[in-house]
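Chains: A, B, C, D and E, in written order; residue numbering restarts at 1 for each.
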Amino acid sequence: MSYSANVKDMIETNRKNSKLAKFEKMIPFLLFLAASISVLTTLGILVTLLFETVLFFQNVSFREFFLQSEMRPLNPTNPQFSILPLLGATLLSTGIAMFVAVPVGLTTAVYLSEYATDKVRRILKPLVEVLAGIPTIVYGFFAFTFVTPFLREFIPALDRTNILSPGIVMGIMIIPIVASLSEDAMSSVPNSIREGAMALGATKFEVAFRVVIPAAISGIIASFVLGISRAIGETMIVTIASGSNKNLTFDVTQSMQTMTAYIVEVTSGDAGAGTTAYYSLYAVAMTLFVFTLAMNMFARYMTKRFREVY
Amino acid sequence: MQYMDLDAVQSRMTKRIFFNRLSKMLFLASAFFGLIVLAVLLYDVVSDSIGWLSIDFLTSLLSTNPDIAGIRGAILGTVWLMVIVGPVTMILGVCTAIYLEEYARPSKFTTFIQTNISNLAGVPSIVFGLLGLTVFVRLFGLGSIVLAGGLTMSLLVLPIVVVASQESIRAVPAHLREASFGMGATKWQTIKNVVLPVALPGIFTGMILAISRAIGETAPLVAIGIPALIIPAPSGIFDRFTALPMQIYYWTIDSVMVQEYAYLAAATIVVLLLILFTLNSIAILIRNKFDRRY
Amino acid sequence: MAQSLLKKKKPVMAENKTEAKPTVYDTKKLNLWYGKTHALKDIDLEIQERSVTAIIGPSGCGKSTYIKTLNRMVEMNPEVRTTGEVQYRGRNIFDRNYYVEELRTRVGMVFQKPNPFPKSIFDNVAYGPKIHGIRDKKILKQIVEKSLRGAAIWDEVKDRLNENAYGLSGGQQQRLCIARCLAVEPDVILMDEPTSALDPKSTLKVEELVQDLKKNYSIIIVTHNMQQAARISDKTAFFLNGEVVEYEDTNLIFSNPNDKRTEDYITGRFG
Amino acid sequence: MAQSLLKKKKPVMAENKTEAKPTVYDTKKLNLWYGKTHALKDIDLEIQERSVTAIIGPSGCGKSTYIKTLNRMVEMNPEVRTTGEVQYRGRNIFDRNYYVEELRTRVGMVFQKPNPFPKSIFDNVAYGPKIHGIRDKKILKQIVEKSLRGAAIWDEVKDRLNENAYGLSGGQQQRLCIARCLAVEPDVILMDEPTSALDPKSTLKVEELVQDLKKNYSIIIVTHNMQQAARISDKTAFFLNGEVVEYEDTNLIFSNPNDKRTEDYITGRFG
Amino acid sequence: GGNESSEAGGNNNDNESNGGNNNAGNSETEELSGSVQIDGSGTVYPLLSRIAEEYMVNEQQGVSVEVSRAGTSAGMQRFINGETDLSNASRTIKEEELQGLEENGIETQEFKVALDGMTIVIHPDNDWATEMTEEEVTDLFISGKYADDDNVLWSDVRDDWPDEEVNFYGPNENHGTYEFFVEVLLDEQDLVDGINLQQDYSTLVELVSDDENSIGFFGFGYYINNDDKLGVVSVDFGDGPVAPSLDTIAEDGDYAPFTRPVFTNLSIDAAKEKPEVKDFAKYIFEVADDLAGETGFAPLPEEELNSYIEEIDEIE
């Protein structure tokens, strides 16, 4: 064929003229730049939060922030900045959420991994996971316009905005996280262990709760921790449905403000930049960031541990 | 010596078996609990939206008058937002994944990047909002335009794309790579011509998940300050805008002034959910279609 | 063919026996399918009390399937269908009113791969008694000690009862699993290649243990290892392609097999 | 020991050769480590142009490692360290200025498992020319046809060039991979057990193809199959534990091995 | 819900067409483009957003008027940074804010836009406290006036009222309404302890309408849009009880002591540079009297509005 003598030469000349080599050398660097964006993001978050947090703590003592109990950032005469009411509300809503998500999520996981046939699991699991994909603003709307009025039929004392209803809805949102990750952890418990228990005359229930769950416990705990960290960071549901009372209370029928909702209030609210109230938002955000970071690290640690078990 | 009293065992047996059956039913109910709530939620928003959701609603501009208000601006705002989020996360996410999977040597720093990415995935979205406010809106002086919102959202969903892309690049079989290297292809040629095409379906699935997340996120937009009333639909990335979830947010909290706003919010939610379900179906289709072994 | 052979032989066999022990398991025309795979075909077998019955045969012949049918573990696979009868102590185990949990309490099982629970040694052994409602710490302690002694592992673990069972060696784990079985004081112990994952030394220990256990328990053991069957069992059943080709006293079957296929297998010509 | 043996033999061997073809590869005291595993030990081998050189030896002896060293694919494992020299056409391939891409363009490779790209048949073959900058559609078409003909698969695929390569049978895929190699007109083709994943019929086709290709290319083929080595190769190297035990004309090595270990291996006593 | 909505819609439409007719005269002005940025008080937001919409629909389609409602102070902050052209406020501008504007070289002008009546709301079933004197109202909200521990009973106010504890509600410090109530009406005396202060008006409305013993204060607009759920206190300023209404909260109306103006601040520089800002600023006062009532505000006297228009016209 006419060209044939040339292919080698063509390749040779192309190689000599190629600018590819130079370009190739730059690629790892360019990719590295892209990869460093994520580090920059973290750095950006830290710097953003740190600067203003430092400014905040120049005006407000650690003691006041962490140990006193009043949060009145904009009070004209006697502003007070204690994170405790916000922290209390956050922990309370998270607690309620986990109160819903842990039993429902865990038993769902038990059902999927221990009782359900393969076919049922393959249909049911993705369906349950749909719950995790619903935007939180929709959950907020649902909590505010449906769940609260619904609950008020049974609990007349329930305020129009309260921590109970968003807590429950947050719990529903977290069910798939707990169910799906716990199910993963439980399915990776080897079948031979299940058989061992069955052969002793254990019922499925006894196998699940006395063998499989203990064996998968670190994975399950990791799923709880991830759920908790989601609940702590959740913003729109509480912003819409839990109101803005900054009282330190444990009455779940009352309106309360979580850390995230506080940030929303202040960013879209009345505190002028440069005021202590404005900086307080960063101090709260910093606390939130550190909190969720610790949670995520812990969850990672737990997941790793459970991978190493058998 | 006999420890097991057969009669006692026998009588407990009935109880245990009953309990097992009961719990099986309870667990099944619990597995359905979430689905029931989902159904109630859908029913709630859909029934609230009836009479309000119409073609006019989709194509009209925003108004303070609920009878003529529409979400054309919000839809376009969301679309423009995705015009930023799509390419930015795609490029950054895939590049990061390629770097980590193909170029980075195992080192403390690589581990650090990796840990950092999975931690970022857990940072509350409102904190990303503050980052966007400080960096894009204020520091870069962009103001609350589509570009600023899009970049903020991109950073928020970046970890989703990175992790999905990494997994899918890792799943590309070594023998395909070897084939390409064996032909004298350079590393980059191999990545571009062999690895990425094979990894693409997985990357796309990750992208769709990321976009779905970005479409529904509200808190970062609240933080960067989206105007409550903005009537003209945005026509580019430098315009100010509103987006579907923001409109839901404002209408929900403003329903105290005008009750009908609650129905508008519900109608908007239906639109938002339809978009999300469509996206997710596409993701599932892609996954099924390309779930091929090499 | 094998079927008809066996039928002919059965009365003969009964005559051969000098001391006829009571029957624990009586399998009658058992058939079993995994979906469409016909894994057990018209099995007829009578298994005697306080003896060791070995089941041998090449890979895939249905040994595990049969032994797992005896405590109905085979049903964990939802595709499984059975016909025929298996009588345990005179009661059909497929009876609707017969709870598998009850059956399995009476019939212990030891698996090929040691499968202790990821719990402490103590909790492993105490698991069975606990689910059957025994809570008293003191009694539990006694049960655990007795079972571990029974499984000939007490001395090795008595100082580390609270350590995780996964810290034990494979052979120790297998004996722990036997102890776990013993703790619920079963009547029968099923063993599916209990030594195939163990080193020779541990194998020997388990074999000795089996010999010891048959004083109090009926033992049915699946093994790939002909020597093992010959060493420890009283009767041996040879399975092939889901059928029982021959079922005979062990010394007879190894010295003078009736069926050509049995001979071929025993002499290593296939399998 | 093997080492010293070989050294003694090498000059003898050269004398034996009647028609001395030019050398393509000259391996000198090549050592290779995977981390701490010493996988290749003081390899000395000269490989001749336009001939088929077979490399045989038991599993784990370093065959794949050696052949992958020849196009430096072995370096994809970052743990690998080498000492010694491999000269390709008189140039040390470990030379800093020698781009691996250049080397690999000259030296094609065919793998154990057929590994076409998940692209069309056409694109598979055109892949090499394309990455080397040939864009002209017409020239590409010619190259593809010529290469597919060269790999004796043209007739089977000419009507489905745009179909995905994964629609082909295993044997066709392997020949497609060979065609892909040919498309860049290499000088040497390395084959690592190219037929071990194929059925006998496809194997035959590939063997025929190899015989055909040696007219224009130098071929180095790793194989587990002694018969195959005997059938298709001109020279054979026997590897054992990372050393070259014997390197000889194929008919000599199979008829009259010098080394006891070679004989043992060839007669199936181990490996 | 459907019936109500169509009614409300009908009203709106009527008003709109009125507005349209009114402005027809001005429509010969040139086509403008660009955007007007407004932020500030959430109280003023409903009015300004109505005006903005009206302007965009009927006056200048090419101009985008964007209204946010970060709150008076936050809006002012953006205003000082030069990010906005107009800043709504539910109080007069503060000294510090003026200083900030001066530092940044921004010249501004404060305008009243409309009048808001501080409305005292109670549970709709509350039939005793429907009329109170001004002093009773203020004293009720001042800490320590009726009870040292601030656990005030209705009967502490008047003997014949029930012996039940009063529950207090109001918007939180984020709102200009709070500032006006505490600083002006209560003369900077402390609010009762335990008052439930909320950010969100929907919450407030619900809280008050759920609690038989509630009493709260907020802007007239929030009351009038929820008057089916709320009761209102008529306040006696000396001449007999007066219920807040668009008439009574108007300038020099009977409800005047509890009435406050709401403001917008115009950046003179923006008005000079951007014709659309100036044009819109004028437009605000052209239509304010029509649209105020619709959003729960009393309009300012026409002369005052006209004088503003002239003032803005003079900006060159």
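Just so we're on the same page, a residue touches a chain if its C-beta (ideal position, glycine included) is under 8 Å from a C-beta of that chain, and two chains touch if they have at least 3 such contacts.
The structure displayed is predicted, hence computed values, not measured ones.
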Common touching chains of subunit E and subunit B: A
Required minimum of steps from subunit C to subunit E, each step between chains that touch: 2
Pair joined by more contacting C-beta pairs (A-D or B-D): B-D
Chain of greatest Cα-centre distance to subunit A: D
Subunit A and subunit B: spacing of chain centres that average the CA atoms, whole Å: 13
Whole-Å gap separating subunit C and subunit D, where each centre is the average of the chain's CA atoms: 53
Between subunit A and subunit E, centroid-to-centroid distance (C-alpha), Å: 39
CA centroid of subunit D to CA centroid of subunit E, Å: 86
Interface hub residues of subunit C, defined as touching at least two other chains: 101-102, 105, 131-132, 184
In subunit A, residues with contacts to at least two other chains: 203, 206, 268
Residues of subunit B touching at least two other chains: 16-17, 186, 189, 225, 253
Chains that touch, pairwise: A-B, A-C, A-D, A-E, B-C, B-D, B-E
Residue ranges of subunit B touching subunit D (in the complex, touch as defined): 105, 173, 175-186, 189, 193-194, 197-198, 292, 294
Residues on subunit B engaged by subunit E in the complex (per definition of touch): 51, 63-67, 143, 225-232, 240, 253, 255-260, 263
Complex contacts: residues of subunit D adjacent to subunit B: 71, 73, 76, 78, 100-106, 108-109, 111, 113, 115-119, 127-128, 131-132, 166, 177, 180-181, 184
In the complex with subunit E, residue positions of subunit A that touch it: 72-77, 159-161, 243-245, 255, 257, 265, 268-275
Residues of subunit A touching subunit C in the complex: 117, 190, 192-193, 195-203, 206, 210-211, 214-215, 309-310
